[in-house]
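What follows is a pair of complexes built around subunit A, which joins subunit B in one and subunit C in the other.
After this line comes the complex of A and B, so read on.
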């Protein structure tokens, strides 16, 4: 199966690979996994006091589509509010990367990682 | 053999109890017997319909055998028999600590090439993964017996990550061995 150019671009030059301090109060961490393919994805966001995502980083062990999906969402999330970020849907990701149907679950993984990271941040704020 | 085969569970086909700890040797022996009994040669002089049924039985027996033989697909099949959905690709939330551990494990696989003796490092990784798999198998067996199917499902989902990590370790071992030759 051939990857689209956009997937290849993110795969070869992944954006925002990295780690933020998961214990910091202004950082939210989302860990998700796809048992079917054994992919593991970690997405972290750093949020400003007024609720803007200042930074987003990821680390993904998985196929090209999973790496590209997470790389893409870190680009999309930066500068967005938490509410806006939560509106990023897997179909937007799949469409942007031209993912074939068998790889759509990689974009689901990325969407779930966003929700998990936002929830983790909100939980910290509330706690 | 009767057509009834199609209404049986894979466990019934091989005449073993619905359990994770089945005797795979016994399953293997019965598999060979069953395959002989539906072998196309036996149906050389039969009508088309009988031939067709024999072929369907052959493929069912194969599918049943390979499902039971593989630990993960056996466990998944057991849960499917209890009505759990095991195919869902959209269920990505899991024990975060476990995922973190998996991520660290994958990181250490990537870094192993920089070590002085990567092959022995990989061997000890395989040992660790083997232990984890044994632990999860035990968990699954107990959870299933106690009808804690959701928890049993979680154990199977974890097994899938362990299998994937194992595959990566093995692939890297092979690659490094090739380079050494």
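After this line comes the complex of A and C, so read on.
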């Protein structure tokens, strides 16, 4: 299958690969997917006191489109509020990366990872 | 580094290039100056010459497998041979019973043919292979019933390269008077086949797996004891009524030449290929979390199927643009299931998703192997740095204990 230039770029130079301390109070972690399905995405955000995403990192086990989708969303999330981040939709990701229909589920995974990371952070704050 | 030509071909089980000698022989059977006649034309030299070329080729195919040329039926490939053998036997012998035995790791051309027969009311048993890919003969014996008419087991598996004990299965089938079909698409020219000794009744071949052209194959149909088939293709009654259609002289001559070369060169070639394959495996086997899929001993020389745990196959293939390999991951094929062959061995989905198949052949060079070892090591290391599963493995987390949010 031929990949778009943008997918290849993120795949070859993934942005914001890394790990944050999942136990820190200002960090939210979202892990979605399953090894059995061939894709697991872990997205982490570090949030400032006034609710701005200061840092976002990922690690992904999955196809090139899954890696590119998660790399892209870390770029998009940085500097956004939690509310703004939650507005990132899989179709935006799929459109930006020119994903073919069979790869749309990889962008869905990235959207799920955003929600999971935000939820995790909010739960910690509430708890 | 010397001048390697990229990308490097490591997919000889998918298909092989046509050997130059084969191409030359084929070209002589197409144009007006060549042997273009219809082999079925009985009234002139154009037909006679083509017929002679076809019969010479039939002799070459028969010679490689120690069979009588009259036992060879031309088809369009192993897919058609498998269809003709399995449906042909099932339909012809249905009065004797409607039970068929095969295995879960067969090629789709066997499995889907069996599915079709199930829809027609036949009963099919799909044997589970052992974790090394081999069929346990006791389980096969247990599956045999009084109404079993056919056993179909492949010789060499296309994904993992394991070699089944065809001779032993043949003895078991003959004793129970069950017809035995073998898909030998991946074994002809790679593993010795002697059909005077082996009690195989039907055997499928394909030319394009052994440096012949695509679109031509053959079915061996035993004469003693005589095996009958119901034709699947009706028409002019070619090939003793078993497969109608004008014979494709150039294709047949190409297949014949490929089989002739294989008979002469296969042993020397196997030694060379085996060394390359072992060199490749030696380059990988000391990496962390690398698994060989399929038995190492009972394995065809050119096959290496490996799982690089915690790395997903399709992303690995993206990093390996310079080599042509195939992956057992779901994403590279049109289905969503990872390799059904690896799953049938009991491999976890993760390991199936992280598998690569390297198949080595006539034109593989040692420097290509060395280049590939480096390339793969770098790619695996890069992707493991990206992999949350690798992180967890390194932290000592048991991935089976995690509750995954499967989607």
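One rule holds for everything that comes next: the second predicted complex is superposed on the first by the 123 of 127 C-alpha atoms of A that agree within 3 Å, B and C clash if a C-alpha of one lies under 4 Å from a C-alpha of the other, contacts with A are read in each partner's own complex, and residues count from 1 in each chain.
Methods note: a residue touches a chain if its C-beta (ideal position, glycine included) is under 8 Å from a C-beta of that chain, and two chains touch if they have at least 3 such contacts.
If you're wondering where the values come from, they're calculated on a predicted model, not measured in any experiment.
Q: Who does A:67 touch here: subunit B (first), subunit C (second), both, or neither?
A: second
Q: Which partner does A:3 reach: the first (subunit B), the second (subunit C), both, or neither?
A: The second partner, subunit C, only.
Q: May I ask you to decide whether A:32 touches subunit B, subunit C, both, or neither, giving the answer as first, second, both or neither?
A: both
Q: Looking at A:14 after the superposition, I want to know if it touches subunit B, subunit C, both of them or none. Which is it: first, second, both, neither?
A: Only subunit C is touched by A:14; subunit B is not.
Q: Check whether A:40 is in contact with subunit B, with subunit C, with both or with neither, and answer first, second, both or neither.
A: In the superposition, A:40 touches subunit B and subunit C alike.
Q: Counting residues of subunit A touched by each partner, does subunit B or subunit C come out ahead?
A: After superposition, C is the partner touching more of subunit A.
Q: Per the definitions at the top, what is the overlap between the subunit A residues touching subunit B and those touching subunit C?
A: Dual-contact residues (subunit A): 31-38, 40, 42, 59, 61, 105, 108-109, 112, 116.
Q: What residues of subunit A sit close enough to touch subunit B in their complex?
A: Subunit A residues touching subunit B: 31-38, 40, 42, 59, 61, 105, 108-109, 112-113, 116.
Q: Going by the contact rule set out above, which residues of subunit A touch subunit C in the complex?
A: Residues of subunit A touching subunit C: 1, 3, 8, 11, 14, 17, 19, 31-42, 59-64, 66-67, 105, 108-109, 112, 116.
Q: In their shared complex, at which residues does subunit B touch subunit A?
A: Per the touch definition, subunit B meets subunit A at residues 89-90, 92-94, 96, 99-100, 102-103, 106, 156-158, 160-161, 163-165, 167.
Q: Going by the contact rule at the top, pick out the subunit C residues touching subunit A in the complex.
A: 310-315, 318, 329-332, 338, 348-350, 353, 385-391, 399, 404-407
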